[in-house]
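Note that chain A is present in both complexes that follow, paired respectively with chain B and with chain C.
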Partner chain A sequence: MRAALTGLLLCALSCSRPAATAAPPGTVVIALESAPAALDPRFTTDANSALVADLVSDGLTAGDERGEPVPALAEWQHPSPLEWQFTLRANVRFHDGTPLTAADVAATYRSVLDPTMGSPKREAFAAIAAIEAPDPLTVVFRLREVSASFLESTSLGIMPAHLAADGPIAPAAVVGSGPFRVAEILDGGGVELAAWRDAPDGAPRLARVRFRVVPDGVVRALELANGSVHLVQNALDPDLLPWLAARPELELIISPGTTFQYLGLNLRDPRLADRRVRTALAAGIDRNAIVRHVLRDTATAATGLLPPAHWAYTGDVAQHPYDPARAAALLERAGLGRAASAAHRRFSYKTSTVELRRRIAEVFQHDLAGLGLGLDIRSYEWATFYDDIKRGNFELYALAWVGVRDPDIYFRMFHSTMQPPAGVNRGGYASPAMDRLVAAARATEDRAERRRLYAEVQRLAAEDLPIIPLWWAENVVVKSRTLRGFVPAPNGSLRSLATATFAAPAPSTAVSSARGPAPATTAWPPHSYFR
Partner chain B sequence: MRGSYRLVVGGWLIAVLIVVALGADRLAPYDPGAQALSENLAPPGARHWLGQDALGRDILARVIHGARVSLAVGIITVLVSLAIGTTIGALAGFAGGWIDELAMRAVDVLLAFPGLLLAIALTSVLGPSLRNVVIALSLIGWTGYARLARGEIVRLRERELVEAARALGVPEHRILLRHLVPLLATPLLVQATFGMAAAIVAEASLSFLGLGAQPPTASWGAMLNDGRAFALVAPHLTIFPGLAIMVTVLGLNCLGDGLRDRLDVRAPSGI
Partner chain C sequence: MLRLALGRLVLTLPTMLAAATLVFLMLHLVPGDPVDVMLGESTQAADRAALRRTLGLDRPLATQYGAFLLGLVRGDLGRSLVQGTAVAELVAARFPATAELTIAALAVALALAFPLGLAAAARPGTWLDRGSIGLALLGVSVPSFWLGPMLILLLSIHWRWLPVSGRGTWAHLVLPACTLGFGMAAILTRMTRASVLECLGEDYVRTARAKGVGRLAILTRHALRNALGPVVTILGLQFGALLAGTVITETIFAWPGIGRLLIDAINQRDYPVVQGCVLVIAACFVIANALADVVNAWLDPRSGAAAARSNG
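After this line comes the complex of A and B, so read on.
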């Protein structure tokens, strides 16, 4: 029956697919859950926008698999704590044929710093006092204070000066110097990119990359199966992976990722302001069971924001393993025991409409019901959900940080002055000890000292629980075996498409699920992205 | 005998549904909300006759408890719609003039919108919950009953029995309530049977879209939506709630057809 149903669905998909979506040879088709909202690198704040923009624009620097900066468009020197000097690669051209010069770099950064531009990335460059371009290949940044995270943030995509003067550039008009140029905006919010023949590292061998928006997870899986989509990354239900991996024409690759899923709490709510309640919530949710049975081991229970491969990571923090008895005792002491009124024991939980997220919410609801707590699950379309979270209109919610590189994100997440709109301290957490630590960690360039301070930050965060760490998601890629040379990056970047190619289908072999060491990666914007 | 076959089949199906809904707590083999994550997506078997869903919950228990939701929404929606629709329709038909015009134009305006879209809009505004689904469906559903009641009253008000009552000095309101409204019972009963089927499908549709029953309440529509992601690997998640909806609607439609034929009522117009 299952085979017949699958055959029927595949047949229906083949019959209903309009001819216009058939990809010409040399085009790799990637299915996305939702449309990229922006391709202007100064305005990309969601994961899919960052994913596509990353192929179109290059930054001065990029990040390697451990989040360490490596040269991209420029080499750097750091003659003094308040001065950074970048020497651009020669003969780099934008997609419109104009040469990339220091003037373009300065114009891009100045536009981000311009308050009237409204770039969400402005805060990351707040330390810049002046930008100078003494010659066409040299850019000098002068800072007003030491900024330990400055270098990481220079992976911002560079735009031509004549475009940088304007506000958000429409996706079709975005011009960068990356390996692919924007060729066409597709119906339904998709984007088609074409290989840029003068790319700094040589023209890609793939002629085109087509990003199609396929909102339904089952349809994404079926399209992979019938060959109309070649690659899906982190957008497949874990329960469908065995079905996809069993198909000889497809390859499943699971590799370490940097996506951090967490449970957000509104500390302005007097109940959640009590650390005992937050600890009870952390100990009352069986994260390991979710990871094992719902996520099918495509994630690892997290101890904090930074993944183990990060240079500033420490695992020496308070853990809150599943312990319903301890959770119930903590709730009792905090006045939220079963004797409290039902209304007092009820929380609202906001999540997106993504099926997997709603399912996980039901597990939370079930676990917390065992402690006598009620959970009203409210699932909203992404825009509504995200808007509510940004405005602090929530009690509990779940979100993910994607592509975290710089631990200075802790300042924006946990410093008491960083409540929206200034930062992303959405829960209203305020701790003088945390304020001191995150401020000190961004004010020194001494790596050992930063590591020590961030270890303290992680320890305090694990005890105070301003957010409850859930898990680090691994990168899950299902791709056609004909697509060769694609290497998943920990941060989800698709930059290896620049060197990938199509080949004749390989002879059918045992399906491999590679769980290897973190592969090398290239540029990724400096901020973290939500999904 | 005309319609007897349909009447019997429909009657039995609905009787079984009512028994299942009323005795859900005793009939369900497991707690419909109890999760067993390690057994999720288990196929039908000896312990779980209809298998387990994505969170390891027993599908049979959820289908049984879903019957209660469907039946409750169907009955309450029909009762509220019936009360509003009959009152407005009977008054409009009996009074005539501007009252009739006003009421029927209001009905026309509501009927101009596709019913389900209007329900989606209303539940989006009111917020997702079963109570709001009932409110939305009732706000839309009364129009059919109003039209039917008004048409019947217009047809009946010139009958001799009304003229005789007037000649005897019976007050107008008494003529309407005592002599005319009871005559509406038969066509409205048939209409209500079909209306209940429509309400159950609408509730399933709204719950499928996430606007109806909220977790962990078991609802057939929500179960269909939850199972959709597993159509390729665990089709039993969608087959059984789908069958439940199909059998219930089939039963109600058979019952409605049978009643209509048996009671010699003209085919109702609209929902």
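After this line comes the complex of A and C, so read on.
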């Protein structure tokens, strides 16, 4: 019996495979908190999938740091309002060696438009009436109606026509034309990419990029400290940052990001339908204290959804700095003063189970208690929380928008017809003035006019407060000093790995802020984010 | 003994069916929709409905349950809603990692518990006894999400002996196996001590002692062998706790096992994968307990005969 047990044990232990973990030189190891679910660019919906797919596939266009479209695989002409013509770069090859032609572009877009394909990105291309490929380097899109944000959506990654015909392509089989090709799918959902020697802008100098899934935040930090992971982006607890930054071999880079945290309100609740109450909540929360003490300066108090770097941003909007006296006065006038019944002064607040989110909720609770308001914190696991939010089953909640590039999102967020399931106007906001503005802004292609209209949208939103802006999360990167030339992009893209290198560590200050232009990046669909 | 083993195996079937049904119902009753989690924000309602239809999630719950049971009978665990891969394939890919970790943790637990428990029983009331019981108490009170990172800090960061996380070489196995094994060792130590102490008071021990048998031989050959019964039963029960414990340990050490698969599947509401994982874990639990009975029968033929009779 003892021998049998020992034998069983040895057998199980010898199943351990040889080291797949000691990274060979030239391999950058990046820790992700969860596995990318898909690498097929037509099916990437989560942030980590988009992050990895962005290195593998190139689109016709990409977005610069202001969110403006710039040429990637193609230059464009816009001969008439309903026609967009793209001229492809010559001599671009897919990772399987075949040349990238107009037929591949047309096949990729047609497959997204095919309802049986089930691509979640179909809606973004609803305006396309026809796609033509008159010669191998020319693609023409004919639209049904004027679409102000069509160009932004053409950052969709292109895949070979023979693959595009099939449904979701398994991660190991995805072929693109980006700087890195998929080399291997690792145990536990990680991915290893290898440099593509025929990349259009030259082969990357890094031989390989390995994405490892390390679910625990503390362990991600320990991996960095150990030197077995070289880069972690936006996946570290703010409390661990000083410890990591103090280590000489690591570098903390804090740069502007696009993630927007907000407080959602249910305007169907008669109390929250009153603008004075919403304004009181906005003025009654000490954002700056949370940013400083809980988030350790990894965020900036926000004035609205679009970050300052965005082409349509305006900072000329009503702001609601922390002012408990003003908040109390507003509540008094709205009938929610201390004379009101305790039940009337209580709100429920939903958030995720993430520790940091719960701590922020406790600060809200403390701030609002000072105004005589009660806050019941309910923390839920993601799928349950998200389900409640989508159903409008909430009074207050906190959530974030990640990767917003196209300001047309305002239409889906604030137009009165865009309540779920049609759109993401979850609070049930309805304002004829807002409806007019967001509808007009999507109907014109004139950039200056759109900028003017979206400035109006931002002003109205800051006054009406259908959602209360909290802060923009900065991009927080901790990386090994041996990794040189990595520039964080506002939307979190890792495209600069294509030009990064491994070099001897150089001494410099522990905290630096990123300077220099970020590379153009593929945009991904905006989504809610719960960390 | 074969009959006993077979009888136990047959008894596992209703247990498994109950577990499967419970998991199926609970999962579908909990709010959260796999289609929403998969598609994110920028998808039209029509596309959502289409995906729901493709995945068969628009059918009535009873129909889905029927299909699930029918699949089970055919040995088909279904396909993952998210990845489209067969559940059996996903589980099979992750199972060796969990088995490896569980067995290694069990080895760590036994290697600690037997010497400590025996030492404590041999010198009851002394510092050795109090020390080993204190250690056991510590082991059971320290949560693995704290112990894991502490072990990493000491052994990986400070001394640089072992890798931090992940699976690959032997060295990768040490920290997760210790983290998981310590908690189990605690209970086993106490159990071994109590059980051995009890046996040391029996008549046959006094007889052996009177015959002049050495102290060590009495402890290992007479007392321990007879004390193993309850220890093995606890071991079988603990095995289930061990499997549940792997969920946390696998998360900490980025260990690609069933526990991680289960957590990810729950977060994504990937019903077939959750069902598959729970079924496999339930099966392991039931088999471990059946195995404990069989081992007990081998250790003590009296209990085996009784068990065989009660099984009919």
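Following the convention adopted for this analysis, the second predicted complex is superposed on the first by the 458 of 531 C-alpha atoms of A that agree within 3 Å, B and C clash if a C-alpha of one lies under 4 Å from a C-alpha of the other, contacts with A are read in each partner's own complex, and residues count from 1 in each chain.
We adopt the following convention: a residue touches a chain if its C-beta (ideal position, glycine included) is under 8 Å from a C-beta of that chain, and two chains touch if they have at least 3 such contacts.
Just so you know, these numbers come straight off a predicted model, no measurement behind them.
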Margin query: As a test of reading the superposition: which chain, chain B or chain C, is in touch with more residues of chain A?
Written below: C
Check: For A:245, is the partner it touches chain B (first), chain C (second), both, or none of the two (neither)?
Finding: neither
Margin query: Taking the superposition on A as described, I'd like to know which of chain B and chain C A:222 touches: first, second, both or neither.
Written below: both
Check: Who does A:294 touch here: chain B (first), chain C (second), both, or neither?
Finding: first
Note to self: According to the stated criteria, A:387 is in contact with first (chain B), second (chain C), both, or neither; which is it?
What the structure shows: second
Notebook entry, point to check: In the superposed arrangement, does A:46 touch chain B (first), chain C (second), both or neither?
Noted result: second
Next item on the list: State whether A:340 touches chain B only (first), chain C only (second), both chains, or neither.
Entry: neither
Check: Following superposition on chain A, which residues of chain A contact chain B and also contact chain C?
Finding: 1, 9, 218, 222
Margin query: Per the contact definition, I'd like the list of chain A residues that touch chain C in the complex.
Written below: 1, 8-9, 12-13, 15-22, 34-35, 37, 45-46, 115, 118-124, 168, 187-189, 212-216, 218-219, 222-223, 225-226, 228, 381-384, 386-388, 390, 421-422, 424, 525-528
Checklist line | Residues of chain B defined as touching chain A within the complex | finding: 33, 35, 37-38, 40-41, 54-56, 128, 210, 214-216, 226, 228-235
Notebook entry, point to check: Where on chain A does chain B make contact in their complex?
Noted result: 1-2, 5-6, 9, 217-218, 221-222, 237, 239-240, 242-243, 289-290, 292-294, 353, 355-356, 358-359, 361-363, 365-366, 369, 376-379
Item checked: Touching residues on chain C, where the partner in the complex is chain A -> 30-33, 36-45, 47-48, 50-51, 54, 82-84, 96-97, 99-100, 103-104, 107, 145, 148-149, 152-153, 156-157, 160, 163-170, 172-173, 251-256, 260, 263-264, 266-269, 295, 298
